[in-house]
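Below is the structure I would like to discuss, written out as structure tokens.
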Amino acid sequence: MSVMKITARRLIATTSVAALAASVVLVGGMNSASAATAKPVTGGTLNYYTHAEQFPNLDPQRIYTGRDIAFLSSYLMRTLVSYKPVPGKDGATLVADMATNTGVPSNKAKTWKFTLRPGVSWEDGKPVTCADVKYGWSRTFATDVYVEGPAYPIAWLDIPKDKDGSSAYKGPYKKTGQALFDKSINCSADNRTITFNLARTVPDFNYYLTYLAGGPVPKAKDTGDKYDLRPMASGPYMIKKYAINDEMVLVRNPKWKKSSDPIRTPYPDDIVVTFGMDEDVRDQIDLEDQIPNGINMDGLQPSNNVAFFEDPTKKNRRMNNYDPYTSYLAANNSAGHLDCLDVRKAVFFAFDNQSLIDLSGGTTYYGEMGDNPVKPVIGMDYAPTKGNIHDPNFKIGGNPEYAKTLLEKAKTSCPDAYDRATNPAKGLKYYRADTATNKKAAVLVEAALKKAGFVIETVYKPSGTYNANLETYKKETDFLSSGWGADWANASTVIPELWGDGCCNYTQNQKTPEYAPFIKKVNLALVELDRKKQAKMWQELSQYGMDQYWYIRTVFGKSQQTWGSKIGGVYYWEPQGSFGFGQIYIKP
Amino acid sequence: MSKFLEVTNLNVSFPTEDGEVRASNEVSYSVGLGETLAIVGESGSGKSVSNLAVMGLHNPVRTKITGSAVLNLADGPVDVISASADTVRRLRGKSMSMIFQDPMSALHPFFTIGDQIAEAWHLYNKGSKKDGIKKATEMLDLVGIPDAASRAHDYPHQFSGGMRQRAMIAMALVNNPSLLIADEPTTALDVTVQSQILQLLKDLQKEFNMAIILITHDLGVVAEVADRICVMYGGRIVEDGTVDDIFYRPEHPYTLGLLNSVPRITAGESHRLRAIPGQPPSLISLPSGCAFQPRCEYSTKVSSGACASTVPSLSDKGSGHLSRCHLDAADLNNLVKDKA
Amino acid sequence: MSEVILRTPQQIAWARFRRNKTGIASAIVVLFFLFLAYGAPLITRLFGLSSTETYLDGLDPQGMPIGAGGGISWQHPFGLEPGAGRDVFSMLLYGSRISFSVAIITSVASIGIGMILGITAGYFRGRVDALIGRFSDLLFAFPSFFMIIALSIPMVERVESLGIVRDNGARLTVLIIFFVFFGWPGFARLVRSQAMSLRERDFIMAAQSQGASNWRIITKEMLPNLWPTAIVFLSLSLPGYLAAEAVFSFLGVGINPPASTFGLVLSDAIKYWRADPAYLMIPCAMLISIVLALNLLGDAVRDALDTKSE
Amino acid sequence: MLTFVARRLAYTIILLAIVSLTIFFIFDLIPVDPARLVCSKQCTPSLVEANRHRLGLDVSVLEQWWRFIVGLFAGRTFGEEGIAITCAAPALGYSFSRHECVTTIVAEAFPFTLSLALGAFVLWLSVGISLGVLSARKKGKFADRAASVFVLVGTSLPTFITGILVVLFIVLQFNLVNPLELGNWHNPFTEPLGWLQTFFFPCATLALAYAATYTRFTRSNVIETSSEDFIRTARAKGLTEKVILRKHTLRAALAPIVTIAGLDFAGLLGGAIITEGIFGLNGLGRLSIKAVTQTYDLPIIVATTLIASAFVLIMNLIVDIAYAFIDPRVRTS
């Protein structure tokens, strides 16, 4: 029902949940719709429908979610480099898009060079130039205007930092430090070749260019804050109408030329996205195939999955895959909280994971217990860890007895933490957003932990302001649940972000003695040019953190997609964790 | 010759959860054109109820009415009790009219005085809206409202109490009815205004040659204007006679009691006001005998306890003076004298 | 002399109420629900149930209750909650206790405040009246429904920081404070107009002329004449506040788990309506029954006390 | 009459000023910092400060309020030079989460709310009054009993339950509406059928509870008025029952309904939160509730709250003036 509730279907409730690119390994026997062997047909109107009121963002420098990158880069905006639009492992291969190749690194991957393809143009017919790309990159630095979106350019480009850690360049509007920025990106005289000068070695730099944030924006058309409503198109379609809460209509972009675009195959004539669908209405459309030329952008509500996925007559209208995301529960390792390995372990073993997974739809649809913040779909950086869910004492329904023995140990090993965890006057605090799903999950968590002798209280925080207050909450709560997906197929976009000095370290582990050796190794891994060696390092780092029980629980999530009977060419685009939108067509 | 209105054996009762309220029992009276009949009694004696029945203003669902009330109209007699509701409605305003005790609440607060009078006129006369207002102004002028033409556009709340009653009278008389029932027309008014209104009624009666029924609890009001008086008690008429009959030769202990409770300045002699002891009877459970018996100081003087067991009949004690008492007039007079 | 039976207004009202069959029946139903609500701990113990226990054995691997009607059985007369597996019967019993408490406390408090301010305004008039009148004008102008939603969460934090009540206690306190804050002006206006007309009545004038203090006049002369109004208002506002509490907890303002109320259960149930319609219909039916019974009772009370309506 | 209107108008303006100022103070007290809310990537204290300036929160509440009032009449500019955004008068603020002037957003939402409110208003008034009159005339008879059952059901079914049941078991069950069209805006003048498709069920749901209340209210008012002396007078004049009912009884009995109906309607113009939410109508209610629960978009919250209050106050004024037209006692005293 559409009555005010957070749209997040999953526990992934934190800030930027990023996309993943990987040479993906499909785990288990999942049914994924294969790309149709029939010949695609041009024409028709393709409908999408979603419960969301709008796209989170359309401004390229703000977009950070896999599905939206997949959607918008397939239809609307081109990037220098793209993922290959094919199903399976091959989908994670980089291919040249606006650029003539996937980038030429030099100087130990501290300098990267790209050349623009001739004939690439904006919807107004003006050619896309190096200056446009440079201008696009500069917008990321206007952090006061563009609060969303990835921040890699700020970390990577060779521009000095201010005392508070922010870049000395303040973006194209304030123009503070413009000269510094101009030096870090150079355009050739013909405005076609672009050179990025980085502050450190970034071996996987070109993966970032699959992000729309690494793409061009024409300075003359930049409307600042309002660009999010009407970005300039460089792809095969352009925006005819975009009304929040209502619909988006895409029509063919007459200035787009197939000759300058090696990867896009625009079949439908029009694309209509209907926003703000009631979840029940949306699910009913799928269940009864009411809109044969329509695609559900969200997936079904968990309670409707069984009805759809266990009905053989619907087998050509669905797919179920591991998505790029890992859900996790971070323990607060700071003093006065869960600064005791035995207590953290006790919580880990006490958790009733089975009922929590069942609550969200069961292992078939929601996902299964993970042993790592890095997901197997990422490829070589994942290796199963030892301990945690592989510990003989681990029971998926919870092992309160073992948890009790661990607590007993904690009584002597860390009496303060033990007292906090078991004293009815104190007790552990679990902050969570006050969404309906969370409220239900809290019942299960509280019941399970109480069984093991914990004293726990769920502290509900308003979901609307939850993310904004996360910086405060993470210091006060004992647990914080969130989710994360790799930005591309390298754990460099996972481990430093979640456990190191990146964006989203909710473990509060920085002051623990275990942190110093960890971060030292992370920084070495980041600049390691030997990919295999780097992968080994990430694997060891995963094991290190899991041994500390920095995360009390990780779940490797799955996602489902459903669509109408006249839709053809659907496949799962693994790096984006979403449809491969560009090849979808309407069957006659 | 028959009189204009002849009410015969009228019974009005209201069935309620607690029992039947017998508000009017075997009531008979009559009034001729140019004549004023006063009906006197305490509240709850049945005087208004009977006349509302004549007007056909009782809710037919909640009221049981028997008997007859015949209007002797120019084109023949009509019994308003047995006639259809619509027939009676057509008589209202035209042949018979009524004015009420509280002129404030009896006038619709949202319409101008002129509109309300004109509305009544339009009902039985063809004419433009303007004609209606002209007629209303005429009537207001007639009932003595100064500057009638502009006051016709005023609302009831802008009138004083006396003027409202004048306006009510104007409205009641706009169609020149033959019978006007005035239900306590002066009770809510100041004493000085009271006599003005009564005088007005008298004057208008002459002009229109109407029959007037004046309902009141105030014997003082009656003396000035009435030709005949009916005294009611407990839903029955207990005495019926001319003004002189009632004032100088009362034949019912209740009438006596009423007269004793009215201050008389003209008498010139020392006169003690005396209230009637006790409470009026409940109309649901009337005493089995004479309704006044529980309060009557002479009931013990009647042999064999007839007062408590038998309802006395309304008998003619001579020359149309009727009374409903087991004592005859002479005995009563003696008893009164003894007491004095 | 025939005996005139004089009955007090209370006796008359009671006699009238007793004659009203619907009134009696609805009173019995209301009492029954009140018994269920306030006897919840006892009743659930008799059934061997708990409102916080998760009966996970009764759920299938997708978290749906096993068995017909959302897992209705002798053990769980109203079935199990999908997902978390709590016993719906105990949830609703405990939930109705919260709903009743909110409704009763709110009604009584807003009637109390409305009574005091209404009498003050109507009896003293002048500046006090103007002040109270303006203030209630101001309150009427606020979109109270939305303000409660927008402000309840920050208010909860404020209340918790006082350290007296926490968590659901604080949430309920805030909800009640808001209901009362926006609820009293309605009743105060009613009382004010009645107090103004009472003030002009002879018996009040008489008391004043005998030099009775204002306090005495208000408590001894006016209050007894205002209580029927209060009772009628109470009986009509109870179902209103009961439903209001449900609406707000439905919207996510108000109580949080592990406690549960109708609104909370319903907002959860609509997610499962296709797979488990009983989970939606049972709380719906129970809430409607309670409100219906309360409304019928309110009508009967009003009929008994209101001398105007026949 | 003129002085009456002028006095009421002045009072309304003063109340509007007080209410708006109160709203600014209330939302200022909330322990949520909107400047932090729009600060995620590389958030530093100086950035928070910059945001505060951009959002216009770096001045006192009084100043914020004054700027808002000025903006209402003169328009406003938000953000810094280079990417400044100008909102024309009447400017209600700028939403940085929706990238739109609040006035534009509100103007998009208002037709939904107005349609819903007006549709429901017409439905509940016509149903409520006619049923109320009917049952008053047929007091105690079958029609009256049937109406009283309707009243009971209407008052006992909370709107959110009726709404859910209507959506789940009528609208969805019978596929009454093209699902992609559900909740879409249709111009009632050019596409009346489409408009009905969108608004019939929400209006009916919303009207149900109101209609019940109005039935009860009308019934008791008509019964009470019928026993008034002036109705007896009208009857004594010889007027037919039809005229008495239409002209005399209803005029007096319905006068108080004008006040209540006006205020109820004004309340809905601020947004019917539940109904809009359940039926997916993008009206003011849904807008405001989403601004609170999802984005905490302060300019939208403040604007919608203010609009709702203004509707109540202005409608109060209209109702007072209308009442003065209906009841001469108010007008001339």
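Letters are used for the chains, namely A, B, C and D, taken in the order the chains are written, and counting of residues starts over at 1 for each.
Everything that follows uses one rule, which is that contacts are C-beta pairs under 8 Å (C-beta built on N, C-alpha and C of every residue); 3 or more make two chains touch, one makes a residue touch a chain.
Bear in mind the structure is a predicted one, so any value in this text is a computation, not a measurement.
Nearest to the overall CA centre, using the mean of each chain's CA atoms, is chain D. Chain pairs A-D and A-C differ in how many C-beta pairs they share in contact, with the greater number at A-D.
Centroids built from CA atoms put chain D at 41 Å from chain A. Note: centroid distance chain A to chain C, computed from Cα atoms, is 47 Å.
Averaging C-alpha coordinates per chain places the centre of chain C 25 Å away from that of chain D. Here the CA centre of chain B is 54 Å from the CA centre of chain D. Contacts with at least two other chains are made by residues 32, 160, 164, 168, 274, 289, 292-293 of chain D. Across the assembly, chain A contributes 1, 3-5, 280, 462 as residues in contact with two or more other chains. With touch defined as above, chain B holds no residue shared between interfaces to two or more other chains. Chain C makes touch with chain A in their complex at residues 52-54, 56, 59-64, 82-86, 153, 167, 250-252, 256-258, 264, 267-268, 270-276. Here chain A touches chain D in the complex through residues 1-6, 15-16, 47, 49, 53, 143-149, 151, 154, 164-167, 172-174, 222-226, 228-229, 243-246, 274, 276-278, 280-282, 284-285, 288, 290-291, 294, 462-465, 467-469, 471, going by the rule given at the top. Those residues of chain D that touch chain A in the complex are listed here as 32-33, 36-47, 50-51, 54, 79-80, 82-83, 85, 96, 98-100, 108, 160, 164, 167-168, 172, 175, 179-180, 182-185, 274, 277-278, 280, 282, 286, 289-290, 292-296.
Taken together, the chain A residues at the contact with chain C in this complex read 1, 3-5, 280, 283, 301-307, 352, 354-355, 358-365, 397, 434, 436, 439-444, 446-447, 457-460, 462. Across the complex, chain C meets chain D through its residues 137-138, 140-143, 145-147, 149-151, 154, 157-158, 239, 243, 246-247, 250-252, 263, 266, 270, 273, 280, 284, 287-288, 291-292, 295-296, 299, 308-309.
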